[in-house]
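Chain lettering (A, B and C) follows the sequence in which the chains are written, and residue indices restart at 1 in each chain.
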Amino acid sequence: MWAFIHKLGSPKWFYGISARLEPWFWVAAALLIVTGTVWGLAFAPADYQQGNSFRIIYVHVPAAFLAQSIFVSMAVAGLVFMVWKIKVADMAATVMAPLGASMTFVSLFSGAVWGVPTWGTWWMWDARLTSMLILLFLYLGVIALRGAFTSRDSASRAASVLAVVGVINIPIIKYSVDWWYTLHQPASFTITSRPAMPTEMWMPLLIMVLGFYSFFIALTLMRTRNEILRRESNKRWVRDRVQEA
Amino acid sequence: MSLRLQAQQLACERDDRWLFQGLDVDIHSGEVVRIEGPNGSGKTTLLKIFSGQLSDYHGELYWNGQPMREVREHFLTNLLYLGHSPGVKTGLTALENLSWYQALDGQRGSESERLDALANVGLAGFEDVPAGQLSAGQHRRIALARLTLTPRALWVLDEPFTAIDRDGVAALEAQLVAHANSGGCVIVTTHHELASSPALRRIVLG
Amino acid sequence: MQQEITAVAPRLKEPGEGLTLALTATLKRDLVLMLRRRGEVLNPLVFFALVITLFPIGISPDPDLLALIAPGLLWVAALLAALLSLDSLFRSDFDDGSLEQLLLAPQPLAALSLAKVAVHWLLTGLPLALMAPVLGIMLALPSGSYLVLAVSLALGSATLSLIGAIGAALTVGLARGGVLLSLLVLPLYIPVLIFGAGAVQAAIAGDSVSAHLAILGALLAAALMLAPWAIAASLRISING
């Protein structure tokens, strides 16, 4: 176990292993997303209440899932970096932040677009959308803090602390926003929580979620590899590799 | 009693640049160790490591033969560190500043003790003046009063001669040597040339 | 310097107790420092009053409308006022080098920073809570909710000080950390705002407020347990940046 962690901590080793894993995730992401999209848009039945506009769920929900998962992974990577001083973990956390922020934005934007046919307005202070908006601010805070330091070591540590503090707060924020929403909008129509979706509706959704996750993993591996090359550019093995290529 | 601070294969990397590498140091009681090197060679960083502030280094640090990480509290109890900035609150008087530092070390101390310490650094008559009205050199002297007020075995001093007049410099230099001779230990960075003495040792960086 | 050259032979000491002494001395020191600069204590209070004055001017002087939005306005304005003085929490200690000394004290840094946060709350959160009912009158806040307003603000602002101190500690090493600090801590303030303003609204509606206050208390307890460690870790990062 320890040997494995230490191996994983070596940028060179990680660069090699991720190069082998990355293509598989790209393939999985492409297959799943294409299948999910075709199935979801063309074959899944229309919603009895919302008609075809519900199909935006196939983007909205996976993006929202990912937005939250990325924040958790970013905090875990930050913690690993602080406790074991594993630099690769920090590199991964660095590249995850903008990715997570854009996923949050995608889920907010798709939620707004969905709002037009459903609520007749681009924005409602719906519990889920409000939590997402706050999550976006948390992401922007982490990105801004990392950018504010001149020393990268300090930036990494500060961003890690903030990510961990944020991840502890996310459930509290989510819970309190839900509570606030039920208090002010009793039993109104929420876009995604619905009684028992039929299989032919949720199967494509599940496939899309898996596809988005594969896409996230592939993209994170790729960007972490770039980050390794950038940060380790004065190391010998990187120069050798660049010479080869 | 004797103290010993050892570093084995000490190296420090800041933002992918090695400040120093493979540093082996063995510091004992009775020594005044002057850390030398050009600007940017990592003198202050090394002092921060030797004063237990920076834990982000490679290599091993031992305090009296035991790994630093395990005996950090014992180490801090015997350390007096004076950094670049004197750590004097301008809103407090010299006496109030000193009494906070004593309390921080867990001592109540007495007023007469503090008055003596201030008189020793040439601040008699300024005890109750808010530090904001004193000069930079006088701030430095308030900080230096802690050398006598809180007896500690290991002194780690970053540019302690800054802003001090010539008489003060001579007295402080004598105080450093006296501390070493009485069994203490001093680690110091300074641009001021220290007079050679049997206690003086140099560590050159860069 | 008329230094006696016969220095006392220093002995190696064992780490002792003295935490209570260090804590009370730090509390006292920060209180004295703040009270000597009364302007800095008063500024957030004036800011609070000023912001509350802006709302009737910007929205409408209609008492019915104001009464409806008063709980939220008072809470948001108090929250922003508490945020205002946060940047200076560790700033002067950082600038004059005493933060370095605080880090090197043979006492747990988490406990010492808690003393500093306590002073911030005593001189910002608590006065804001005491002042809020007066501004409540100006916003036609319905009677019966004044005590709840003050209590919820007193409880909530303690949590705000603790969370805010993490942000202040993270940004103290940056030359211009003020705006960034708000960006970092405001999202984390939202649960406190929801339950704080919720308590006042419940009191106006005639509902029981004990659940709200209990949750505010629980948030404070959690912040008291966790925030000091985060503050200490952040201070160590900032001091070595």
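Heads up, the rule we're going with is that contacts are C-beta pairs under 8 Å (C-beta built on N, C-alpha and C of every residue); 3 or more make two chains touch, one makes a residue touch a chain.
Chain identities (UniProt): A = Heme exporter protein C; B = Cytochrome c biogenesis heme-transporting ATPase CcmA; C = Heme exporter protein B.
Computed from a predicted model, the values in this text were never measured in an experiment.
Colleague: Check B-C against A-B and say which one is joined by more contacting C-beta pairs.
Modeller: Higher C-beta contact count between the two pairs: B-C.
Colleague: Relative to the centroid of every protein C-alpha atom displayed, which chain's own C-alpha centroid is closest?
Modeller: C
Colleague: From the C-alpha centre of chain B to that of chain C, how far is it in Å?
Modeller: Distance between chain centres: 34 Å.
Colleague: Could you grab the centroid distance between chain A and chain B? Build each centroid from C-alpha atoms only and quote it in angstrom.
Modeller: Result: the chain centres lie 48 Å from each other.
Colleague: At least two partner chains per residue is the criterion; list those residues in chain C.
Modeller: 240
Colleague: Identify all positions of chain B at which a residue touches two or more other chains, and write them in rising order.
Modeller: In chain B, 56 touch at least two other chains.
Colleague: Listing for chain A: what residues touch at least two other chains?
Modeller: If we look for residues of chain A contacting two or more partner chains, we find 151.
Colleague: For chain A, which residues count as touching chain C in their complex?
Modeller: 82, 134, 137-138, 140-141, 144-145, 148-151, 154, 157-158, 161-162, 164-166, 168-169, 172-173, 175-177, 179-180, 183
Colleague: Given the complex with chain A, which residues does chain C contribute to the contact?
Modeller: Those residues of chain C that touch chain A are 166, 170-171, 173-174, 177, 180, 183-184, 186-188, 190-191, 194-195, 198, 219, 226, 230, 233-234, 237-238, 240-241.
Colleague: Touching chain C in the complex: which residues of chain B?
Modeller: Listed in rising order, the residues of chain B that touch chain C are 1, 3, 48, 51-54, 56, 64, 73-74, 76-79, 81, 83-92, 96, 99-101, 103-108, 119-122, 141, 144, 148, 151-153, 167-168, 171-172, 174-175, 178-179, 181-184.
Colleague: Which residues, counting only chain C, touch chain B once they are in their complex?
Modeller: Going through chain C, the ones touching chain B are 1-19, 21-22, 24-26, 29, 32-33, 36-37, 92, 95-98, 100-107, 112, 236, 239-240.
Colleague: Tell me, which parts of chain A touch chain B in their complex?
Modeller: Checking each residue of chain A against chain B gives 85, 151-153, 231-232, 234.
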